[in-house]
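Please find the structures below.
Look for subunit A in each of the two complexes below; its partner is subunit B in the first and subunit C in the second.
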Partner chain A sequence: MKNHDSHITSYALNLKVLLVLLILTMTSILVIKFHLGAYTVALALILASIKTTIVLTYFMHLKFENLILRLMVGGVFLLFAIIIVITFIDYYFR
Partner chain B sequence: MNNPSPTAPLNFLNHKTGLWSWLSSTDHKRIGLLYLYAITTFFLSAAVLGLLMKIEKVAPGETIMTAQTYNAMFTLHGIIMIFIVVIPGLAAVFGNIMLPIMIGAKDVAFPKLNLFSFYVYITGACLGLYSQFAHGHSPDTGWTFYVPYSAEASSNVVIALTAAFTLGFASILTGLNFIVTIHRMRAPGMTWFRMPLFPWSLYATAWIQLLATPVVGITLLMVIAERTLHIGFFDPALGGDPVLYQHLFWIYSHPAVYVMILPAMGVVTEIFPTFSQKPVFGYLPIVFSSLAIALVGYFVWGHHMFTSGMSYESRWFFSFLTFLVAIPSAIKVFNWLSTMYGGSVDLQPPLLYAISFIFLFTIGGFTGLTLGSVATDIQVHNTDFVVAHFHYIIFGGMGFGFFAGMHYWYPKIYGRMYNIRWANIGWGILFTGFNLLYFPMFIMGIQGMPRRYFDYDPKFQLGQTISTIGAIILFTGLITMISNLIYHVRRGAIAPANPWHGVTLEWQIPSPPPHENFDEIPVITRDPYVFDNPYTK
Partner chain C sequence: MSTTEHSEHSEYIDSETGKMGMWLFLFTELFLFGGLFIVYAVMRSKYGEEFHHAALELNAFIGATNTVVLLVSSMTVAMSLTAIQKNQPKLAMILIFCTLLLAGVFMMNKYFEYGHKFALHLYPGSDVMRNLPHGEIMFFGLYFLMTGLHLFHVVVGGILLTIILLKVWSGKINQEHFLLHENGALYWHLVDLIWIFLFPLLYLIT
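Moving on to the complex of A and B:
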């Protein structure tokens, strides 16, 4: 970590992040009520990805790490996303 | 850097004594040896199962076991060999013993986590064995645990799945440890591109262990959930999809092939320059081909599923990607051969195994292209051709790579030398037996001999008999090789610190290495394969 003293986030920011996460969680529950068919899964995955990004960025302090580490974590998620897309290509064309 | 001395009064083998000092040691070299002894034991057990299966097939019909016993045996053989021997194999043994030394560190980044990984591994291995004997219903699904059969079979599938899940944890922890070790603990001056190529191969492997293994862990848990809670992940009657299982399983299990083979490639990459007394040809291409194999290897899993009902578009897509992965593998083979070309080649046992690795791996690779092409794959899918291809890659590749590493680093690890003549004889028997055992399976596979069948059409009798004879010869070779190594652990001639005139760091410290490897952390001032070291002359 770049600086062990400078990355301590305020309670206000943490509360805001928590609030956003709770809203996103509620949203992912509420979308089930709309009949979006196959897109329900896609929407749930997108919402989950946004939540994961927020947790990684703020609660796991990735925002305060150096660029290389952020790129490595980003690369891992890109890889994961590509794998999911390739898998669903099969379902789309089948 | 330490001055090398032929003998060291205190080393990692004798600085503490007693069983507990071994079982509780956080020394990376001792943990590596614990893995070695465990893996060798499991390997020999599974090899005996393989031999028994081959004896069963010496003639058509039932000979020494029933069909159900045969099914249980190939499942146990597969689970032990894949999950307990080959996947941890090289990384856990030689990665643990050599990685910190080769990068100039005193240990791995997390020594306690390293020991914990070993016990997680042992727990998983014991669970795997327990699944074979509990309640008298050995799993008969094969090591792939394909649904719907694995979700419905009455055998001990849940225990076997839990075993594989647990073993995956050990693999993840080891991968994590190695990544942090390589990032954080390289000696001063050892830049990324001054790092020897075996650590590079371990680095590429560790990323696969870390990122791919959780996928199979979750997948196996999903099968357990389907069996116990009747959640419909894979059962169409419950809204699931059996092909999804195959996607998820191979998303891990194809990269896992590179977990098996990449460290073996790293081992032979160390051996060729040493026994040619010449810098490795194409250091950077070898580095980037390791990374490319690790990366592209993630996207080729679908070639295991060409006949599983996958979409046409996915089939050609995966076929194309599969052909791409051949390129970095071919770059490596070219570089190994070029390293030997014009060198002062010394045909010692490690080099014999390394050259055999190229020969067998190339046959396995070319036949892999046959399987990567959709049209020919449909012809030979689920036949002995696949089994032969797989064994040429895994046994011929990883297995011979492991034996190469064992013969290469043996004098360093034990400070003793094995009998060179017997090592050569063992290699000759092993190499002959290997090809007699597996090559006929290519031919029988093309002719239509299905895999995992305990009986066969009499027209396959000649091929099956040759294959069985090969299995017996191969097993004899294994016993010869291992006996030679075990016998000389205590009785071999004292080995000098650098018997092969190697130039990487492990050859610059005493044999066996001291407890913490280096009195002072070395400062690296040059590339890893410069053959003007005064200690080598």
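Moving on to the complex of A and C:
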């Protein structure tokens, strides 16, 4: 049978994840309203990254997927991070 | 279901690889938007002052509303998958319909937002925009490109979810076969993920 052993995320967990995401959104709006100067961009990006991780883990079921898929996703994000770093090295030391 | 040992096995394989294929596609989407984020980052460090001034033009309230709309729609689509897995197709259909409604709200907000920009003649190629400082042209260009590309993904996601809704209704998607539903939900979550970054970068940080 297809998807025989797949994990079922409960309605309650989905709702809890949404509440956490909404709280994080409110936090990022408030944080940026306080104008923390140079830290604003960094903080906004950190909060967005946390939200992304939560969506990937729970809504996109990565927590319950097999190891290969999780490694693939992790690897691609790592590759993306490396590309950003290399681009900025190129940009600043050109 | 009339299935033999063999067909059960091959169907299982199909589901796993089908999902992996969807993830591979999502990776290409990450790099499509990722490239644009890198352009945004470089331009922001180059034209900090002009980006600051141009970003004030955007309506953070509409941006925040759309963030909440997409987050809630992400939950309803995730719940619809739960409903299918628990063999509650009616509830699944209601939840997919809610997701489609929220997608409609998102697009309506975008319509008003773009409409306002067009009324101010702030669109690529307009005389007003051509006379702006270079950094502001870059900001609005990136704004229209990134949100426009994202909006296109919302439309595609909406079409995909409509197909899924019809297949749940006809029984083709059910407790045993829901790969398309799973992949459609993954796509919708990606649309949400992209917006999670677009919102602070374009609307919040000024």
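What we mean here is this: the second predicted complex is superposed on the first by the 75 of 94 C-alpha atoms of A that agree within 3 Å, B and C clash if a C-alpha of one lies under 4 Å from a C-alpha of the other, contacts with A are read in each partner's own complex, and residues count from 1 in each chain.
Please note the rule applied: contacts are C-beta pairs under 8 Å (C-beta built on N, C-alpha and C of every residue); 3 or more make two chains touch, one makes a residue touch a chain.
All values derive from a computational prediction rather than experimental measurement.
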Inquiry  = I'd like to know which partner A:27 touches here: subunit B for first, subunit C for second, both or neither.
reply    = neither
Task = Kindly classify A:8 by the partners it touches after superposition: subunit B alone (first), subunit C alone (second), both, or neither?
result = second
Query = More residues of subunit A in touch with subunit C or with subunit B?
reply = C
Key: Partner chain(s) touched by A:51 [first = subunit B, second = subunit C, both, neither]   = second
Key: Partner chain(s) touched by A:76 [first = subunit B, second = subunit C, both, neither]   = both
Query = Is A:41 contacted by the first partner subunit B, the second partner subunit C, both or neither?
reply = second
Message = Output check: A:89 vs subunit B and subunit C. Expected answer is one of first, second, both, neither. What do you get?
response = first
Request  = Could you give the residue numbers on subunit A that contact subunit B in one complex and subunit C in the other?
outcome  = 76, 80, 83, 87, 91
Key: Residues of subunit A touching subunit B in the complex   = 76, 79-80, 82-83, 86-87, 89-94
Request  = Using the touch definition up top, name the residues of subunit A that touch subunit C in the complex.
outcome  = 1-4, 6, 8-11, 14-15, 17-18, 21-22, 25, 28-29, 32, 40-41, 44-45, 47-48, 51-52, 55-56, 58-60, 65-66, 68-69, 72-73, 76-77, 80, 83-84, 87-88, 91
Key: Footprint of subunit A on subunit C - complex, ascending   = 1, 3, 8, 11-12, 14-16, 19-20, 23, 27, 30-31, 34, 38, 41-42, 45, 60, 64, 67-68, 71-72, 74-75, 78-79, 81-82, 85-86, 176-179, 182, 185-186, 189, 192-193, 196-197, 200-201, 204-205
Query = Where on subunit B does subunit A make contact in their complex?
reply = 211, 215, 243-244, 247, 251, 298-299, 302, 309-314, 317
